[in-house]
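Data first, discussion second: the structure below is written as structure tokens.
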Amino acid sequence: MQQIENFKSIIDKYKVVFFDAFGVLKNYNGILPGIEKTFEYLEATGKEYYIVTNDASRSPAQLAESYHKSGLSIIKAERIISSGMLTKEYLDLQVRDGIVAYLGTTKSAHYIESSGLHTLPVSEINESNIDKVNALVFLDDEGFDWARDLNKAVNLIRKRTIPVIVANTDRAYPLTISDVSIAIGGIAAMIESVVGKQFIRFGKPDSQMFMFAYDMAREQLRVNKTDIVMVGDTLNTDILGGNKFGLDTVLVLSGNTLAKDVSTRITATGIAPTYICESAVIEGSDF
Amino acid sequence: MQQIENFKSIIDKYKVVFFDAFGVLKNYNGILPGIEKTFEYLEATGKEYYIVTNDASRSPAQLAESYHKSGLSIIKAERIISSGMLTKEYLDLQVRDGIVAYLGTTKSAHYIESSGLHTLPVSEINESNIDKVNALVFLDDEGFDWARDLNKAVNLIRKRTIPVIVANTDRAYPLTISDVSIAIGGIAAMIESVVGKQFIRFGKPDSQMFMFAYDMAREQLRVNKTDIVMVGDTLNTDILGGNKFGLDTVLVLSGNTLAKDVSTRITATGIAPTYICESAVIEGSDF
Amino acid sequence: MQQIENFKSIIDKYKVVFFDAFGVLKNYNGILPGIEKTFEYLEATGKEYYIVTNDASRSPAQLAESYHKSGLSIIKAERIISSGMLTKEYLDLQVRDGIVAYLGTTKSAHYIESSGLHTLPVSEINESNIDKVNALVFLDDEGFDWARDLNKAVNLIRKRTIPVIVANTDRAYPLTISDVSIAIGGIAAMIESVVGKQFIRFGKPDSQMFMFAYDMAREQLRVNKTDIVMVGDTLNTDILGGNKFGLDTVLVLSGNTLAKDVSTRITATGIAPTYICESAVIEGSDF
Amino acid sequence: MQQIENFKSIIDKYKVVFFDAFGVLKNYNGILPGIEKTFEYLEATGKEYYIVTNDASRSPAQLAESYHKSGLSIIKAERIISSGMLTKEYLDLQVRDGIVAYLGTTKSAHYIESSGLHTLPVSEINESNIDKVNALVFLDDEGFDWARDLNKAVNLIRKRTIPVIVANTDRAYPLTISDVSIAIGGIAAMIESVVGKQFIRFGKPDSQMFMFAYDMAREQLRVNKTDIVMVGDTLNTDILGGNKFGLDTVLVLSGNTLAKDVSTRITATGIAPTYICESAVIEGSDF
């Protein structure tokens, strides 16, 4: 098995660090104790960082605010790249007018609204407005009645040839130490198989997430891919995606991948990180 | 394209007829007008018939009763073979004691109960009884809160290594002339992909449905597979399943497969029925 | 974890034993040492047995002969049920005339020939005979030029709407202690995804294999499913298939599933055997 | 159905045009008659163009040379972006030393070689060098013995936890007006399902192809995504990929998608191009 390395000594080799959020910076208990040290170190050493997250439930500003409330006040909204931002960019570029139907909370929908576009929950689509619907977006697993609105979504997609966007590819997310919750990506996959059409997915491991962050990093700094390391807790999103995009990767054992399983999982999937660390926390003594 | 043939002249060649229910004998408007003539003809000519249906929401007795109420009084419960019956047989043979958790209506659960087994809706599974759950069954898309109970089902399957049975493989069913509804088979496929385990499925096109009906036919009559014809409206369940089991097949155009699409669909899927007919209705003049 | 039990004490509870072949009775080194004792015991105690194998490369007679040559002279051809037999039954019932194109050895093709049917290797299909081809069968991974003949098969399937039969669902089989070989089932899955049509598969875990064996057992003996136990080395074919058919199952650790992995694999797949044994060999002292 | 529009009037609205190669600029008969007019027009009007192709069998220089030989002398190597280039970039960034095993022609392998890396056909991997193999690349469907080398590839992947790269995602390509050929992407999908590991794929519809071309366009010209149109003949690679990346798209009917099927295919897949044109050829009178 690969040996477990010291996180600080790894990031010392890079100019830019991309972090996954859930399982790396926070978990169901809140912010990882000590993680603020890591960001202090990054700022002190002049390294750039971005948080690259499959989260379309809130805007970067709202996500940053939730970090601040949890005591991680250093993280600014402009450092957060979410699959929701890719969804918004897609709608801006490809859907010029009409209604964007959505499954998710009102909060998530507010964020993707653009000039010329009007968002409407799937529950409010009816015979009088269905012909104006020009896109359907799967945003969040909350904020709607699954039985009623998933059936409505199926029939909407059958009747209208429109782009269907999945703003978060995750199939499940951890809820407590023992329980998970079905994510909107899992729900969207069911609907896709029922209707037999091809949806558009945004989120890791897809390269578009990394490209978005890479473009932002290049606006700040003259860097290329060898200067960047991706830190994540999940082999088939963070590590596979970062690796495919050409980045070195750090698998941390503070989330989805447990220390006892890491060797088996790497062999079984064939997805190998460049490094493995206990977590992204830099110990005080390291600093 | 294959030509459209006369239904009566086809069944004249066989001793036993297997019918799919939905799209063949009935649709969202009720019983197909004139279909009773077909069953009168079968009885008059001494042919056996069975209804082979992916329906686990009710017992054969309840299904028969609903035919009677709709005016098709000739159909007896013992002629109905449902995927629910296979589920019940499985539980009888393979689950000896404890609780069978289910997703569906109380009515559907009542039918699969056996001596030694106690059924409990997924909503009522909790820490005090989870260790006694020895199977989970997906019965019907109604009778439970999707968001709450599907999440509970995911966590049940993650915690307990138990057989998970899908009592109806259909992914969707027609609700009105223009709308469909997600079926329990589609929901189960989502849960299967979220948990990454292998479920046990009962229903066409799987051979076990046909075998069950074939065993019943052989108890009544000395027949072999060449004496039986399967009549259905869906290529990838009725026709593929019947064909694979070695039966001749009739595709009827009164349900899922429309006359305008039949040629394209056969070419696209590679699934070819032995015959194509407008419907399973025998005209008065034919009689 | 489930405990490891004594094979003899398990089969004492049943009247009929179904055995998988590879990994149970033999492996790449030949017949499992001592396995003849098991069959002597079965005969001595009047139990029925059947070998249920995903092997379409040879006829039961040829398979029996190979057991005899390897020193297991007790096994008779009529006790061997292969996916090739299901393929032959299918062709007898469903393909009345014309050419059956095949991928495999001449030996494998000879076995499936029927009155009225002429088999021809895919390599010999050309413009003059392609319109007479009424079925294509994937029989064996040997006996043909993969690059040339798989491309010919793709184009045959695109041009003719005919049943395509996969006579062995396995994706790979063990070749030596460390190496595997791609099986015809794996090749067929590739062709199916390239052409986008639906093939007909015979072999475990499909119920049709078990039904065939069950019908034969019932001709000899008055038994029902609770009298039969299925013995196999592979969770997702032997155990899943036996279990779904309603049979009790024994997982043996002499083949695909190693002792060190068994607990992890059962949890990961959700497929649990009724019993686990080291192997199907009955020790001399047991007898 | 969408109406068929004039190609010249569409590209007049954009500054940069991305072209798929096969089915758009050429087919099995060679260069599309008249296509040189299109490139003359692009040069005359100062528009940039890139050819974005799922072809890893040759280097851009070799691809350009083949266009020149076929009479399309205007196309320069630096305008060709291939999935092979992404593969080469990946190897440069992620595989530092050792052997890159490959399936394909020697010509295709020569192109991906980098300093520090040595390429070796899979046929030459053996016990003495297998431990030095640090990547496996699927490059081309030609240049190797399928039966022997695909089996070797399976066992290589089972023994070594290394990245496996698929340099062309296409499952098939047209060979003549009536025949197709299995592409290396189809072969790789089979091997992936046999070994159960996750491969890294380069090629449309993946965004990385479009990003590569977009980066090159931005080095020449100050453009954003709304200035670019993607022209292709295939819905689920060119159109889906271009659309997801945020580009407007033109579906041409000179390749994979025929005029008679276009309406059905768009409805069935849910993938809708911005425009549909007969071909990318600009008529003399248009100029």
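When the chains are written out, they are named A, B, C and D in that same order, and each has its own residue count from 1.
Convention: contacts are C-beta pairs under 8 Å (C-beta built on N, C-alpha and C of every residue); 3 or more make two chains touch, one makes a residue touch a chain.
These figures come from a predicted structure and were not determined experimentally.
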{"item": "Chains touching both subunit B and subunit C, listed by label", "value": "none"}
{"item": "Centroid spacing, where centroids are CA-atom means, of subunit C and subunit D in whole angstrom", "value": "40"}
{"item": "Between subunit C and subunit A, distance of the C-alpha-averaged centres to the nearest whole Å", "value": "44"}
{"item": "Multi-chain contact sites of subunit D, meaning residues that touch two or more partners", "value": "none"}
{"item": "Graph class of chain-chain contacts, one of line, ring, star, complete, other", "value": "ring"}
{"item": "Chains that touch, pairwise", "value": "A-B, A-D, B-C, C-D"}
{"item": "Of all residues in subunit D, those that touch subunit A in their complex", "value": "89-90, 93-94, 157, 161-164, 195-200, 206-208, 211, 225-226, 236, 240, 243-247, 266-272"}
{"item": "Of all residues in subunit B, those that touch subunit A in their complex", "value": "141, 145-147, 150-151, 154-155, 158-159, 171-172, 178-182, 186-187, 189-191, 193-194"}
